[in-house]
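I've put the structures underneath this note.
Two complexes come next, and they have one chain in common, subunit A, joined by subunit B in the first and subunit C in the second.
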Partner chain A sequence: MITNPERKLRVGIPRALLYYKFSDLWITFFEQLGAEVIVSPETTKKIKNVAVRLAPDEDCYSTKLYFGHAMALKDKVDYLFIPRFGGSKKKYVGCPKFIGLAEVLRSMIPDLPEILMPHYNRGMDKHTRIGLLVRAFRLGKIFRKNPFVRIRAISRAFKAQKFHNKTMIIDENILRKWENSEVILNDFPIYNENEKQLKIALVGHSYVLNDPFSSLSIRSLLQSYGVDIITSEQMPRNLIEKQMAKLEYDIYFDFEREILGTIMHFIESKTVDGIIHLLIFSCGPDSIAGDIAARLSKRDSEVPLLQLVFDELTGEAGMRTRIEAFVDMLRRSIDKKVIFLTEQVRI
Partner chain B sequence: MPLSFPYVGTFTYVFESIARGMKRDDIIVPDEPTYRTKQLGSQHSSEFVCTPFKMLLGSIIEVIEKGAYEIVATVFVDYCRLGYYSPLYKIILDDLGYDFDLINLDWFNKIEFFTSFKKLACNVNAVQAFQAFRVGWIKNRYIDQIDKTLYSYGAVEIEKGASYKVAHKLYRQVVETEGMKNIRMLPKIIRKTFDDEVEIDTEAKPLKVGVVGELYAVVEPAINLDIMRRLNDIGVITETPITFTRWIDLGQRMNPFKKWHYKACIKHAKPYVRYPLGGKTRESLGAVIEYKEKGWDGVIHLYPFTCMPEIISRSILPQVSKEHDMPVLSLVLDEHTGEAGIQTRLEAFVDLLERKRNDGNGF
Partner chain C sequence: MIDSKEKYFLGVDVGSISTNLAVIDNSKELIESVYIRTDGKPVDSVQKGIKLMRDQLGEELTITGAGSTGSGRKLTGVIIGADIVKNEITAHALASLHYNPDVQTVIEIGGQDSKIIIIRNGIVVDFAMNTVCAAGTGSFLDMQANRLEIPIEKFGELALQSDNAVSIAGRCTVFAESDMIHKQQLGHPTKDIIKGLCEALGRNYLNNVGKGKDIRSPIMFQGGVAANIGMKETFEKYLEQEIIVPENYAVMGAIGAAILAQEDAMKRPKKSNFQSWDISEMDFQTSGFECDGCSNICEIVEIRRNDTLIARWGSRCRKWDLID
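On to the complex of A and B.
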């Protein structure tokens, strides 16, 4: 590495997995420390091909894509930022792959730039919140010696993340308004005349929902079919916790709570026309939550549930047909509270 | 109410003796998993859930069909799916319309653990129940001893299959022995029986291979296609450090001087994987170095398909193997794994080890 005082240190963040949850936190933190943040480009076919060739065969599709994103950054940055993240809540854990990812990459691709891998695990290793700040403070030393600059960077980063969460997660009032078609939470659906307005809950991991490549741009597809969606990321947390308390056992995978809670909420409240659950092939937590969701939906089957499994071999045409068929099925179902639109509504 | 439990390798014998010690006469001993067990399990579970889940589900369905009502299961919150097994079994079996009661033994939730333990030990008082448990963990040591002796005698026996016959006789003897005095005699009997009844080839210089990996994949012959026996048949001594001892053997756990194999392994694995991430990831990595230091010839790493923590160790194992010059064979197992494929790979691996030993330094 050339140490040129003029040049900013470059930190690479792969645009995959946890990036979609904590992007604001990480980018603000490094930018405040005076580093140049380079995020890998959106997933493309080229990245996928590199990823599938490099990654271990049995990893889940999203983890494989991570390898491709890391390779895309390999020669462009001084540091790669791959945190070993084991969950941010007491009692709940993330996926073990999040903890092992940095070390697997270091072992499998020897000529990677230096990997910054702070370890934080509140669930199992009982790290405290202060521990997180201490780790961030220590990490910042690579970029700036001045402690005040580092503290400022940390506080601004957390503020940015808080703002991100606040804008992302809606409260119950807004949810009620959405259910009554008063507001629209995502892209405006393209309605056709005399067509039944549909509401669908799109449920899945944030790194599937927000990555058009790995979800085969399901969001824009639904938008073009005139479907108004709500994603599991946006669901109010208290509703999810309420649903989770109904189960006899604890769902201890943190991100899976959000997914299962959303499905259970809509199965119970019946305020949407259908639920689409996006699963990633060979994702461990998904296999459990998917099975529970399918069985709960079978027991109370008023709201149809479509489960789609994605992997690197999933064809776009097949997926499109299934989504189209599902949407058609929802349109034709007999519903008392049907809303027909005669002209476009603007908000 | 008839009591039963899913089949988990030779640990089934320990279960059986604990249940007998609690004076439960109504136990239904599970059968060894067969092709039908695999089919039943995978038919009723989700597509890419891990293989132990499917196998245990199949085993549970089979014991319910045999008439069991109370079924012992375990909940173990870790980084992996293990903690969901029991809740999901309940949902699946409810949907299938079976009449049953799952008894969860959750060690981390002490109150629940003791209430469900009490449910199991309904015929005896607390002291007798504890005594039964103690006898169980002591018998577990001897079952482990039989396994260990078997896997080394099996490689050098002259009449093929003799030691397996002896072992099966001894397993039953361990289960049926009563009274602490008699139980304490067992290690001597085991050693003597093997010495007397198995004729071994003293001239042979067998290869030594350690088997590590995910717990169920290592201990259950039905999923690993009896890999230990296959290795024994081609003249290789095997050993596995992965047994149930570390969890249920409270006697050894309370002994501060006991040297645990897995703790040494975890120390070795520190440069590769620093922090715990579930399963036996660090142990599998460290075991390669541990066996190298012991002078063994190779390591076989077993893990079930889609096992999350073991995929990580599988990805890092090539590096460990290279840096320490220790051959490692990783095998992924699921309910479709074919015998011929495993056999070919094992033979190739053993050939490689033999050549490495004869050449001194490999190729």
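On to the complex of A and C.
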């Protein structure tokens, strides 16, 4: 690689998987170190086609897409940033696939730019929080020798992530306001005349919820149906932990705790009209959480649960029919409830 | 039969295999229905269906509202000028509720789709559709009837004649077929194989689409496959409940779409968008192209009526969208 002091070093970050959780942390870190960050574009059909052709067959759809995003950056950057992230909590794990991503990519595609792959897994003894800072400090050396600049970059990056989490995750007070229709947390629903307002909890991995391509634009679809949504990402953490404590077993998949906790909260609180659970085909943790969610919903089925499984073969038509039918079902049941009420008043 | 003061509503259900039309009056009673094959040409079959309907009812009959449903509902909606375009789950549920207000479960098996709809107190509370597998739907039965050289109409009757169903692997239609061939080669009589096939498909339906669903009586069985009395008996055997097959089982989707059109007309008093009975004489052209505006390379579809562009869709970004 030719080092040209005039040109900033380019770091590529694939717009997939954990990018949707940690983008602020990563981008701030590299930019503070004077690097130019290039994020792959939003998922398109072209990226998907490359991904499906390239990725190992047994990987989940979202992991496959990661390969497509990495390929989109291949010839545009000096470094690819693909952290090996095992999880940020002592007791819980993320997804083992995320740890192996960098190595798998490197072994499959020999002519990739150099991959920066710091390893962090809080579950491992040596991986303390201080250890994470040390790793970041060492990684920063590639870009800046000055230790103060590196420390400042780390500090600003964590600050940015903290701010992201704070704006994303709401507290119980805001949740109550949303439940009472005092605030809107996401895109403003397009209400049609004479239609009842619906509230739906949209539950799934951040990389499915926020990628319109893999979720077949479900968010804008719901918006056009006049549905006000809350996502599992936004849920107050204490409520999720409260629900998790009710299970006889400890779910050790960190992301699934968020998903399952949200579903359990709304099954219990009954403050939404319905729950839509987005699952990714061949995702192991999803299949476990999906089954538990279905059982819990069957036990207390007042709030209907729709589970949708996505992969590269998912037909848009069938998916739309299900979503439309689900929204119809909720809307019609509200209409009916209102009719019952007026009948009682008459008596 | 036709009353000039009465209001009439048209429902069109375009599925993968059949195209159904129904005209109901204001009290939701079926006046006339048409059931024809789609034959892979939804536009032609809608035109043909409309012509048949017009021949049966006469041109003077005015349509106050029109609805479309089924997998071809969007296209159909544009062709006939539907006031409401709705999914087939809602349509089937409404039609079932009209025939039996107490119905709690609807089993619907069509050409390539199968569904279960759970209803409580007249409200849909749960539903499921077959996912990536079309095992046990009408088109498979159709194919097997062809292979065995038995008219599909006789399929069910023949199954009833057997009292010794052979076991057929029903998990996947491809394996079911090889299993059937194997059983034939062993010398099993056709009627036993057919009965075995019905049972395998019934089991497959209950284990896939019906998995985890609270199936309660009254149970209604509709869609084209409900014509198969062998399938009805299979469901009765496995569910240990009586299965009701409504008289108009094959056109329930169209009836549902007509009911939706009536509801829609009541909610918003307005003139119907329904084209006219001359749809069959109009010239409809569909064409498509790939948009190269971005790397999504969307497939855009255009629909023209008598050379005028009336609808266009298919782009993710919706920049090509044109409806109305």
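By our rule, the second predicted complex is superposed on the first by the 330 of 347 C-alpha atoms of A that agree within 3 Å, B and C clash if a C-alpha of one lies under 4 Å from a C-alpha of the other, contacts with A are read in each partner's own complex, and residues count from 1 in each chain.
We take it that a residue touches a chain if its C-beta (ideal position, glycine included) is under 8 Å from a C-beta of that chain, and two chains touch if they have at least 3 such contacts.
What you see is a predicted model, and the numbers here were worked out from it, not measured in a lab.
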Joint occupancy of subunit A by subunit B and subunit C, clash or fit: fit
For A:148 in the superposed arrangement: first (subunit B), second (subunit C), both or neither? neither
Dominant toucher of subunit A (residue count), subunit B or subunit C: B
Which of subunit B and subunit C A:56 touches, first, second, both or neither: first
In the overlay, answer first, second, both or neither for which of subunit B and subunit C A:47 touches. second
Taking the superposition as given, does A:328 touch the first partner, subunit B, the second, subunit C, both, or neither? second
Identify the partner contact of A:309: answer first if only subunit B is touched, second if only subunit C is, both if each is, neither if none is. both
Which holds for A:282: it touches subunit B only (first), subunit C only (second), both, or neither? first
With the two complexes superposed on chain A, say which partner A:298 touches: subunit B (first), subunit C (second), both, or neither. both
What's the minimum Cα gap, in whole angstrom, linking subunit B and subunit C in the superposed view? 7
What part of subunit A is shared between its subunit B contacts and its subunit C contacts? 294, 298, 309
Which stretch or stretches of subunit B touch subunit A in the complex? 45-50, 75, 77, 79-81, 83-84, 86-88, 90-92, 95, 272-279, 281, 305-306, 308-309, 311-312, 314-316, 318-319, 332
Help me check something: in the complex, which residues belonging to subunit C touch subunit A? 71, 86-90, 121-127, 129, 131-132, 212, 214, 267-268, 294-298, 316
Subunit A residues within the subunit C interface of the complex: 41, 44-47, 194, 212-213, 217, 294, 298, 301, 304, 309, 313, 317-318, 321-322, 324-326, 328-329, 332-333, 336
Residue numbers on subunit A that touch subunit B, as the complex places them: 56, 58-59, 84, 86, 93, 95-97, 99-100, 103-104, 107-108, 119, 121, 124-125, 247-252, 281-285, 287-288, 290-292, 294-295, 298-299, 309
